[in-house]
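So, here come the structures, one by one.
You will see subunit A twice below: alongside subunit B first, and alongside subunit C after that.
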Partner chain A sequence: MVNKMNIVPEITRKSITHLINNEERVDGRAMDEYREISLETGVISKAEGSARVKIGNTQIMVGTKPQIGEPFPDTPDVGVLMTNSELLPMASPSFEPGPPDERSVELSRVADRCIRESQMVDLEKLCIIPGKKVWMVFIDLHILDYDGNLMDAAVLGAVAALKNTMIPEVKVVDNEIIIDHENMKPLPIREEVVMCTFAKIGEQLVIDPSLDEEEILSARLSIGITASDKICAMQKGGDSPLTKEEIMNAVKITESKSKELMKYLEC
Partner chain B sequence: MITIITLGTNIGAKSREDGRAFDELRNLKIEAGVLERADGSAYLEFGGNKVLVAVYGPKESFIRRFQRPDRAYIRCRYNMAPFSVDDRKRPGPDRRSIEISKITAEALQPAVILEKYPRSVIEIFIEVLEAEGGTRCAGITAASVALADAGIPMKDMVVACAAGKVDGQVVLDLSEVEDKDGQADVPVAILPRSGEITLLQSDGNLSTVEFEKALDLAIKGCNQISEVQKEALKKRYGE
Partner chain C sequence: MIFVNDKDLVVPGEILAEEDFHPGRGTFKEENKICSSVVGLVAIRNKKISVIPLQSKYIPKRGDVVIGEINDIRFSMWGLDINSPYSGLLPASEVFGKEKRELEKVFKVGDVLFLRVIDVDEVKKVKLGLKGRGLGKFRGGILIYITPTKVPRLIGKKGSMINMIKDKTHCDIVVGQNGVVWVKGQTDMERIAEKVIKMIQNQAHTSGLTDRVREMLAELTGEEIEESKEISEDLGETEELEGETDENNNDQSSDEKEEESSVEEDENLPQEIIESKLNFNLKR
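And then the complex of A and B:
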């Protein structure tokens, strides 16, 4: 894993760090500025919900698939959410075909926690027969183009796809489940959630790291926040520590920046 | 003088489930250069199919046993997104996608001037984002455009299209429903300039006469698609 990381020339590292220490970035952005974001929903008709999200040149296709399955024994009357991501070899020369590696597993688990803990989807409404049958919603993140900050793109795309998801009406008659594909209804959604990722480079924190920045960051912090400002997920990454002040500063920026991201989820 | 006017091309024939004539292709759209990281890429929509292809290389081959001292080799990976079909497909390669990957590489190989890049590998990644019958042909057609977009020298651009038999009639470009209910499916890839065939599969029952008819029809379809491939590259790189 570690040895698969690209080697960054010292001169590139120094120039990016030098710029950032002077509050400048390679692509001219401010420290707390996202790259251009685009979000389209309903792009895959075979998927019950879908979204294509782009942050800069990073591009993810998200599709959701609801299936009827058995609930977990410890939560017999709630539906199931499953998040899976594929770092496709098409997206980057550093991604290899094969079973998900640790980067891919971290991405899907962080996105999963963010969505699950925000309680965005009302999973209790996805129960069909308590203890026996519930809706299982699969969220598949298909990473098409990798140019940094997969976390924020993944959560944005997943939330948009979930909001776009339609499930068929279900009736239970004498232990028989009747699935009515003629009557589709949206997934029960409470409130949206977004994720903001920061990179520590030099002495600064920058939001939405590009690939160049991601490759030289010393620490990374991702914060999931709901529309009502509840922090629902966090993940620190990278080899170096962060101070409490840096973390609290990131939380503060997330509170204001999340509003910007939420706008893409309207409609 | 009596003039006979023929309306439509399939008089006397039953119309198809989606209303197409027997020799009519589904709507086709190809765009070249859609990804940032890949050396070459193409996006293709063909009926309900949505296919994305990325090409990396030629680059040094790290897998020794595949390395050839006198030329490059092509490594192809055909993969379907879990959400591309009605019932979620489990991620990862299955027997079908492994076979398609193999025949796709073989279908494209004759066009690529591999001798130019000894000891190298050209990687082709085909992602089916939505499947509606004929994805292997869509993948090959898009892969050729992605190879060209990557600037890889080729003698020709391979193009693929299927023909088959539905309700006893030989038809061009089977949709998902027609493939399921039909009697035969014949995917074909050609080098359009020479007319040589680089991929041929057949699944189902055909008489010799029907097979020849299907093959001719598929080649006709390939030639039409070939024009759309060229248009996509012209649009990206100018005339």
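And then the complex of A and C:
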């Protein structure tokens, strides 16, 4: 997520690295401390499910849209899940309008992988007529304000929006689908998933990097973890490698921090 | 006829006065009514009404001293980000004179410099220079970004505010007119200075700021609060606000009188900065 075009003054880079090597951070947080998180659901009345998540000044609006459509030929009896992200130009001077760039594609793919591989949504239950009609759930991530760590915010928002999503009951009569808008039910959800992102700056790993930290990180690691502590997704970014110990350490912190994030999803 | 008081908060389009008054900066006149064109605080001086915006972008002006970061190296010049919609240019001749040398060996991309605006042309091409006392490259320290309207407030009357922060935190501080502030000292003191500067930015439009800054500094540095003549401080503040009006000039629609006054104030401000720079230079 580092924008190579953005030049960070050398002295800023040094001062942040120096602080972090002394186990301090610019905003006074601990190494494994998140910024303030807030999560609202059901904020868009036109969408079947929605959420707005804020981590510090990073803000993402998520909407879900279930539709009935044809399944993919290789998976005829499971529903379809699609994630899309939009980096709105108003969120940051480095975001431009136009086709999605690398960062946008990475974000939606990582969020998608996290949700898909955790098998949080029981896609098999979304099948209506095998091979013909299934529910397709579209997740749209709109980045409203960018202050670092989009991934954790995106996953948190997407999971909250999916939990908030209601779909109408459908019946199949003589191969025809009857949609019963009177009876709405939630999506079949198994267990939640959250993501924790770490940045390696200097010799230290910090959780939830802010924009300043993200711009100077040497390596980034995002770990997706389910409520039952199963790791379901990982994404590595940045130029430097990570050692095995650093990854194991990150996983350990993720296991304890994920409980904190799960609390926001409870209500 | 006037509808607002001095230091009132106004929004664009709000009617400030009718007849009898002259429109100043941040206002426009329509059918004898003077209206605000920005969100800011009213400043009434004699019969002139102006509005000091709460937030602004830096518009380069000749003679200003600014802090810029190098973001581009071209054939015979450096390109700089000066925290402004317009980017700055530092020609190689400003640094080497007639000598020819490799630009990369002197300043690299990511270096932070203290510069003077030599010239701004009609298409806002900003020519920068390094000739002058204290101008040059920064080593170490941190950068803090504030909105340029608050710069005079941060410096205070005759540098009172900035000197107070320097005394209490034992940091070197350099303020650029473009809202970039460089602070160097002990790491924890740098953080305290940053907190105080951010606080000044957020509360610059309120009165009694100097006292609150003093309290905050005392609290953060763990020193005793000094009792000093509060009356003079209060007076200082009103004048600072006026200074702000002039400081913040963007070369639009200025009649001759206005220009005169702004020149006067402008000479004051960079001096403050140069003074602050002197210490910094000596230490360097």
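To be clear about the criterion, the second predicted complex is superposed on the first by the 263 of 267 C-alpha atoms of A that agree within 3 Å, B and C clash if a C-alpha of one lies under 4 Å from a C-alpha of the other, contacts with A are read in each partner's own complex, and residues count from 1 in each chain.
Keep in mind that, in the parts below, contacts are C-beta pairs under 8 Å (C-beta built on N, C-alpha and C of every residue); 3 or more make two chains touch, one makes a residue touch a chain.
These numbers come from a predicted model, not from an experiment.
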item	value
Contacts of A:86 with subunit B and subunit C, given as first, second, both or neither	first
Which of subunit B and subunit C A:7 touches, first, second, both or neither	second
Which superposed partner A:15 touches (first subunit B, second subunit C, both, neither)	second
First (subunit B), second (subunit C), both or neither touched by A:146	first
Which of subunit B and subunit C A:164 touches, first, second, both or neither	neither
Touching both subunit B and subunit C, residues of subunit A	none
Interfacial residue positions of subunit A with respect to subunit C in the complex	7-15, 18-19, 22, 24, 28
Touch list for subunit B against partner subunit A, complex	35-38, 41, 48, 50, 52-54, 56, 59, 77, 79, 81-88, 91-93, 123, 125, 127, 129-132
Residues on subunit A engaged by subunit B in the complex (per definition of touch)	44-47, 50, 57, 59, 61, 63-65, 67, 84, 86, 88-93, 97, 99, 138, 140, 142, 144-147
Touching residues (chain side subunit C, partner subunit A) in the complex	69-71, 81, 108-112, 138-143, 187, 190-191
